[in-house]
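Structures follow.
Two complexes follow with chain A in common, the first pairing it with chain B and the second with chain C.
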Partner chain A sequence: MPSPAPAVSAGTSRDLKIVFTGPMGAGKTTAIRAISDNEVLSTDVPITGGAELSMPGKTMTTVGLDYGECRLGDQWVLKLFGTPGQERFRFMWDILGAGAFGLIVLADNSQPDPVGEVARYLKAFAPHVPARRTVVGVGRLDTHPSPGIVDYCEQLGALGYNPPVLEVDVRRDADVRLLLSVLVSMAEIEHE
Partner chain B sequence: MSSSIGSTPGFSSAGTALRLVTIAQLAELLGELQRGTPGILSATLASADGFTVASTLSDSQDADRLSAMSGSLSALAGAMTREAGHSAPERLILESGSGHIVSMNVPVPSGDLVLTVVTNESSLLGKLLWSCRNTADQVVAACVATPQPGSAPSL
Partner chain C sequence: MGEGLVIGTQDIAQKDQLVLRALVRLLEGGVNIRARFSEQLAECNVVFVPGHWPYRFHAPCITVRVMDPEDVGAALEATADLTVTTPLRMTNVIAVLQSATQRVHGVSQFDPVKGQRALFELLGERTRTAERRRAVVPMSAGQQIVFDFVQQLVHTSMPMDVLLSGAYALGEPHRVSPVEEELIRSVPAHSLRHLLWGLAMRLAQTGASAPERTGHYRLSRWPDAVGLTAAGHPRLAALLTSQALSYEQACAKSGVPEATVRWFLEACLALGLAVDEGSAGAASAPTQSAAAPAAVGAAKPPNPPTAAGPPGWLGNLRERLKLW
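Then we have the complex of A and B:
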């Protein structure tokens, strides 16, 4: 059931709801914290589960949502919502996806089958966010160069998805801002 | 005893710091809660990150879904009271025409657990809250009484 996204219009400052999703450990919470203008609302708790304990350096996980806000230029106020990554919190994906204007899927290239993971989230959010308002950000490409950006484009294209795919370091404000800029400019082009 | 809970069918890998014998005790406490309180349809203990620790639900998938939602709601409730400048929430009560759902945090040494009880319309809220509080205290006592792996020699 597609949910109506807010219309885009030039002129006064407008709110846009943007959802960050992707597998656990891809950096959704970090990205929102990196870019938000104010203090971020988080719902992270200590990890207790078996496989999830094996991620190096990761001790906390989001179980509800993250929420932050940032301005982009004079025109946009972005309301940033981060989802939990794990499948058991899928019900939160539908709650947070409802009414979203755009979607950012973060990938962790150090994990097995990162392209397949991205496809899984693209499919899960397809009922809520149009494919033309989706951007993929790939993290840890510096330490794990394969699959590369071209591989992502080819493999996602073969599945019928053609989002822009960019390298991102979610700890860097500028990188996250670039993802959001691409997303918003896609929307602006759409309405020209 | 050195069995790994995570590899044991029927138990989630949650609370790897909890021994099987403790989890069996917790399951018994949940059963007593359900049998001793009118209107309770199910009682489930989850880890704060949404894994089932023990439940009276026979369908483990039902228990796992309820556990994940309990983890989310508990964290959201905590975020909301923080935002309002309140202290940590003691319990979350959902009321509908079909009954109550009560969720409360249970702090144990291995990390917070969340006790969630679902009732039908015959439950009495006061009695329900008293019973849940009582069970939560017993859960804490059971987790404290059983030596945690690594903290004492195995028997």
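Then we have the complex of A and C:
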């Protein structure tokens, strides 16, 4: 398959875009903060109502996007975008997904039907990012062990999706780097 | 003194002495602690004494202080003595005898690679054959490990680091007895898959030889996160989910050290992730793989490829973020 050539911006640097998506509270903002060089630009607002209120301990939510970046030498900039989780901001998914090199879907296993949620995001981003550059990270498996990783693989496989599904805690930098290690390995294989 | 513990007592309460004798007799048959009582202190290598007994036996003899619970805080932490609290129960006596056995035998007599390989093979064999029963495996130094293949757990008082060290010898597996059921409830549980992957990584690090594999292997799904934490594993998984490869092909295509490839493959086979697709004909043709299903693979990349082989920016990304 052809390789993804990252977008070339108007300036001298070249952009490599990775999108973090998933439901609200899955850890997208945290994951981006873990690997960004500088302060992450967030459009978080206080939660005031709706289903968001049912999430204990979560007081802010992203309504536009999260953005962080990481310079890769002189020429390349890794741009990390986090999408808003709520369905009502779906129009942002298409905007942020366009031209992305890779997609990381984060799931929150404490929420109802987390596998269905992952499938929904995979479907939504399929027009923009090929499945061979998509990785799923599942959080809160320690406190909510069901569905397990095997359940994710089986249920997503039945829908035609077979991405790597990994248990992660995005509060740990190493877990975020694991997701990226897998993504980069998949991209490298495309070139061989 | 032989290989087992020779246990004596000095001035401890008659009741505690009777309980201790009974437990040692019971444990010797049940959890593979080789121990016997002796009235001759000169031949003992473990002696139980009262908590505040003002003396201690000279090494290599081990002094075990029988403490009242309220005195535990005043235990002589700085000394080499072991302690056990009253009332004496099976669990705390097992723990102290295991510690004593560890000290008596030390760990230097064991070949770590042999221990790691034996445990890996035992785990792999039972996992491959979808073993459903719990099994107990006696280990040297009076330890034991209980495998629960249904829950994918291992129960043992040995820390994970010790299990991964290979500093032990394994006995013959047998079914769980009532005594061991009691033990299971009192000792920590570890993830069986974590242990298996950990052993595979240790064996790869030491360059241990693995069985010769002549098939062409494909991964039916990606390994767990724990199986991808070693350098080269994500790359191997990406390769083997996209096409079936022989061991030699996987080495050549991945550029990953041979021992890493071998033990990665062994772990995947043990966990049922790798399937042998047989002849070489199946090897070279990449398919709509696990990593690229037809249903969602229709998206076009934003731009055409720029060069053959991984471009430099992927290398930059790896280096900058310290990816593996």
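Keep this in mind: the second predicted complex is superposed on the first by the 170 of 192 C-alpha atoms of A that agree within 3 Å, B and C clash if a C-alpha of one lies under 4 Å from a C-alpha of the other, contacts with A are read in each partner's own complex, and residues count from 1 in each chain.
Here is the rule we use: a contact is a pair of C-beta atoms (placed from the backbone, for glycine too) under 8 Å apart; a residue touches a chain by one contact, two chains touch by 3 or more.
The shown structure was predicted, so the numbers you read here are calculated from the model rather than taken from an experiment.
Using the contact criterion defined above for the overlaid structures, shared-chain residue A:65 touches chain B, although it does not reach chain C.
Judged by the touch definition given at the top, the superposed model places A:19 against neither chain B nor chain C.
Looking at the shared chain after the overlay, A:32 reaches neither chain B nor chain C. In the superposition on chain A, A:167 makes contact with chain C only, not with chain B. Applying the stated contact rule after C-alpha superposition, one finds that A:103 touches neither chain B nor chain C.
Of the two partner chains placed around the shared chain by superposition, chain B is the only one that A:42 touches, whereas chain C remains out of contact. Annotation for chain A, partner touching more residues between chain B and chain C: C. With the contact threshold set out at the top, not one residue of chain A is in contact with chain B in one structure and with chain C in the other.
Interface residues of chain C facing chain A in the complex, by the touch rule stated above, are 221-222, 224-225, 228-229, 234-235, 237-239, 241-242, 253, 289-299, 301-306, 308-311, 313-314, 316-318, 320-324. Those residues of chain A that touch chain B in the shared complex are 41-53, 61, 63-65, 84, 86, 88-89, 91-92.
The touching residues of chain B, when paired with chain A in their complex, are 6, 12-17, 47-51, 64-65, 67-69, 71-73, 75-76, 78-79, 83, 110-112. For chain A in complex with chain C, the residues that touch the partner chain are 1-7, 14, 16, 35, 70-73, 75-76, 78, 98-101, 122-123, 126-132, 149, 153, 157, 159-168, 174-175, 177-178, 180-182, 184-189, 191-192.
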